[in-house]
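Below you'll find a set of structures to go through.
Note that subunit A is present in both complexes that follow, paired respectively with subunit B and with subunit C.
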Partner chain A sequence: MMKKRNITFYLFIIPVLMWLIFLIVLPHIDLFLSSFRFENDDGNTVFSFENYLSFFQDSIYWLTFLRTAFYSIAITVLAFVLTFPIAFFLTKVVSKKYSSFMTLLLLIPIWVGELVTIYGWMILLSDHGVINNFLIYLGLMDTPIKMLYTDFSMIIGLLYMSMLFMIVPVMSALDSLDDSLIEAASDLGASKWTIVTKIVIPHAMPGIASGGIMVFMLIIGDYVAPNILGGKSSLWFTEQIYNFFLTTIDWSQGAAFGFLLLLLSSAIIWIVLKITGQKLERVGS
Partner chain B sequence: MKKIVLVGAAALMLTSGALMAQETLRLLTWKDYTPPELVSKFEKETGIKVKITYSNNEEMVAKLIATRGGGYDLAQPSQDRIKFVQMKHKIYQPIDYSKVNTGQLITSMVDAVKKNAKVGNDSFGVPFCYGTTGMLVNKKNAPDANDWSDLWNPKYAGKISYRLKRPLLIATALGMGEDPFALYSDKAAYAELMKRVEKKLIDNKNLVKTYWTSGDTQVALIKSGDVDVESGWDGKGWTLHSTNPDIDFVAPKSGALGWIDTFAIPAKSKNIDAAYKWINFALAPENAAFFTNGAGYGTASKDAINYLKPEIKDNFTRTFSKADIDNIKWYPALPAGFDKIESKILERIKAAK
Partner chain C sequence: MNKILEIKDLAKYFSDFTAVHSIDFFVEEGGFFSILGPSGCGKTTLLRMISGFEEESKGDIIIRGESMKGIPPEKRPVNIVFQNLALFPMMNVEKNVAFGLKRLKISNDEIDSRVKEMLARVGLEGYEKKKVTELSGGQRQRVAIARSLVLKPSILLLDEPLGALDRKLREHMKIELKLLQKEIGTTFIYITHDQSEALVMSDKVAVMNKGRFEQIDTPQNLYKNPKTSFVAGFVGESNPFEIVSYDNGVMVTTNGWKLEKQGLDYTPKKLFIRPEAFILNPIVDLENLDVVDMKINTILFDGANTKISAKIVESNDVVLISLPQNAQFEDLKEGDIVKVGIHQDDLKCYKE
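Here is the complex of A and B:
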């Protein structure tokens, strides 16, 4: 009996281990090692921190990272502000019967994929697109407003594809909130604002934090939306990594920047969790 | 339990055996280069199954470096991207020109590619098609736009677009009256010229609507009326001209940029015979003409001209005068390290306000 279980156990664990080792651990080790490889002026490859140092030496790199990080944080906050009322509505106001159907509707943009939703936004936002034509048709204005290829369209695109990853964990956190707590607070004379800030949000905090981490990581690592919707000044940090790997074929430099992105974005998450007093273990649950 | 493993292993062997039975050609190429009609014709004639992967110069090279020249049986890099990549990474194998039916090719193009893609005594490319990068212009709104310098002409403010890639840097230098290719032997002077190009493009960034990023966005921008003057490819401009006569391709006065895309065989190609078969098939006059009639790009096949549609021939004579043809600047092989200079400049331009 015991032996049989062992075989089954190994049968299941070996593919998982192979997946982890060959497709995740080894490539990362290889990338990490190659990030220290540097070709000096004589054309020899040497061990060096040069690839990492260049991030701090050349303002174009760290400025781009700062810009990317700033936008990612702002969009994460925006995603929370926009989705929190929806999540609350779906879990606490609408009856269970409809709320699951509505949640399903929210998932549809994920099914069609990021690229398709982005092209959809292009049709809506372009100078001769749906929104501009409609506003001109209504007589509200004569010349189209430039919306596509701006920071505005980039933010919309990023927001639209990442919002769901905020809604779902917040909803599951709100689900466990006992309605009687809200009723009790209201019976005792608490205002709506007090109820939201003192009871609802603190209870949903782990959900908000895990949603926030997901949204932030998705946005800071996104490549498509800034590249297509962003227009002429939308240099994103991932684009620089892409350029190292594909345009200049400098994989060592690209690897170094990839690890910097991982380190710096993890650091930002760690700092935010510290400031808000959250524990990563609680967020995960 | 053992039985299940055995059955699984047997099933795996069977399926892989079935895959082995049919000969395949794994082709790494550009969109538009493999019309479905030609692919099925080739499959019928030879019984070889063609598996196509679309790519571009950067990704093609990156993929082949990652696999050290494996994964594909035939690739189609531009002729200026072969030499220095080959010297450093050795991802291609020499072309055996005795297996190529060079008799059906334009001799001057074969010689040019042979020379530009030469490392040591071997050469690594066979020309397939060529075209130029120039400008797509909406003649109704911008009748006078005819030079690279119109890409920063305030007259067209907000109606200008281009792709933020290295051809733009070359084009800008040409528009400024410089000869960037003459500086390919002098890295410092080239870097200095690129600095001035960078300044030019940043100073005039406010005139640009957006940067186009692919053939599709290039077409969409001018077709929708969002821009009137943009950098672009001749094939795209001519195709647009056939549906909207206001839009046409224009060869810039300071010189259109000429590119030649080639066939190159990856170092670990598993089906070299099929690769040569495809090369000779795709460049046979009738097939090459079919490609040109569809995609609009010129072909390296000599007698294809006999099978071209009249409107396709007309495109060429309408766009290029004798002087324009002599003025086409063909890309020389890109020296090592130059892409780094250019890449940083492109990033600075994109990051600028």
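Here is the complex of A and C:
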């Protein structure tokens, strides 16, 4: 059934379309085209897959990607393990009155911004920072442990900025879990562990999956935390893209790597969803 | 008869009110025991204490001679059918029913055969692989009951499980539940605010009000001889009256209707008369029969439950009278004055 659209419909749809086309679709098309541009030996710009092929030919590139992907998956899993008990506590244990206040407390770090929280972690983790000084003051050790500019500090930073994106969807999934299901399971003889693994987690699975996707994408595409908190050896794939764009000024190569990152990280998500039997439509809802 | 459940001096205090005042009762093995009361009377709290989800403040719960003090819900020989059924939506029918069995140390073969047998018993053969969300209300009901009964509990607790069903299905499930209970012989404790459910299904009914049991009796006795004014008003339909004076065997209602009731050793304050206790056009010379003139206000037709709303001519009290749907009273109509008799035994009087 076709209906005549009125003026308000166009008033709303035009800004949306303009936003999508000019700020998202067109730049992507341009980057996509430039990713195939390659300067051959004669100095002519030609259409080529060379930019993409170099990813596989030079081991430093794909090894960095593997490392980035592995860390991203590990941090995503870690984020779930750390936040799930908190989400369960806030939705099922604490009374409604306190839980909304506590959720608000959880969200405060987001308001500060990633860069500021990262500098906060630098103060905590540096050689003469709060944690090292405190441990030395307690007499547990004499010389500071090197924590800043290592993989450890990078993981902490990435974990800290992404945890909330896990906890929010998991909390909303747990919120919809009927308490009587937990009681019914316990009445039928299930232990706490069985209740969590057979009832609570299966119920929260769509929330966990959508939180997982968000956290994974945020981490694998993050630049600030690995760059500031990571050490010389803590290579992150986004840093290579950054270098192509701004250090070697090779936009075509940078664009190709950008699309590879998008492609490969989407492939990882697709594989994980397939393995866990989740459907993307349900995750989105 | 064995006492399968004994409740001794059981009470539950919350910070700001008392949900259950010291209650004592017992349930016989193989019986269908109902706890009937209005919402907020404490019946759900009582049930949750028996199942172990709520800790008692005082007293003891004894099942098959064993005290349940400190025993968590998963270790008690009772199972509960929840008000909203609480089926596991992430599992199919078979997995729902097998859930409890999987927690025991039994072989998969035995689990399969017990699940099959139980599903057959509740008439759900062939539904093993269905999702619980695909079932009708009545079928979901049966899955919930099967899921509990398959564990062979000493007692099955049912918390208003028919509440969410529509009227027709509820009537049907009432009969089905009673037959199922008779067939398998498990003791049922059934919580409800619906008196018809309690009366139809139960061997014994406890009427609960404000955290106390008002009366524990068979459904027949509860209806015929309510011990307190609350039971008289709550169980079955009744016409309530306030009594202002009682002198020489004559009671007077607030509006001035005089009724004879001999032999009371107390001063009645409340009077209840069932709609069916009024006899239309009685044989006047029967003994102990009060006869009054009433004017028919309106006829409330409802099939077998049809009633007349009538005004007592002498006092203007309005009462509901059952009207049998037979040829004798076919031509009664609004505005008619009829003679109505009430037998003294049918006047249920209470001190408070």
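A few remarks follow.
The rule we apply is simple: the second predicted complex is superposed on the first by the 280 of 285 C-alpha atoms of A that agree within 3 Å, B and C clash if a C-alpha of one lies under 4 Å from a C-alpha of the other, contacts with A are read in each partner's own complex, and residues count from 1 in each chain.
In the analysis below, a residue touches a chain if its C-beta (ideal position, glycine included) is under 8 Å from a C-beta of that chain, and two chains touch if they have at least 3 such contacts.
This one's a predicted model, so the numbers in the text were calculated from it and none came from an experiment.
Superposition of the two structures on subunit A shows subunit C fitting alongside subunit B with no clash.
When the two complexes are overlaid on their common chain A, residue A:Tyr160 makes contact with neither subunit B nor subunit C. Looking at the shared chain after the overlay, A:Gln240 reaches subunit B, while subunit C stays out of its contact range.
In the superposition on chain A, A:Trp62 makes contact with neither subunit B nor subunit C.
After overlaying the two complexes on the shared chain, residue contacts for A:Ala190 are found with subunit C alone; subunit B is out of touch.
In the superposition on chain A, A:Ile7 contacts subunit B only, with no contact to subunit C. The wider contact with subunit A, measured as residues touched, comes from B rather than the other of subunit B and subunit C.
Judged by the touch definition given at the top, the superposed model places A:Pro202 against subunit C, while subunit B stays out of reach. Residue contacts after overlaying the shared chain place A:Leu181 against subunit C, while subunit B stays out of touching range.
Closest C-alpha contact of subunit B with subunit C, superposed model: 46 Å. Taken together, the subunit C residues at the contact with subunit A in this complex read 51, 53, 72-75, 79-80, 82-84, 86-90, 99-100, 103-104, 147-148, 151. Subunit A contributes residues 4, 7-8, 11, 58, 60, 63-64, 126-128, 148-149, 227-228, 231-235, 239-240, 243, 245-250 to its touches with subunit B in the complex.
In the complex of the two chains, the subunit B residues touching subunit A come out as 1, 58-59, 61-62, 65, 85, 164, 205, 208-211, 213, 224-226, 339-340, 343-344, 346-348, 350-353.
Residues 178, 180-181, 183-191, 194, 198-199, 202-203 of subunit A touch subunit C in their complex.
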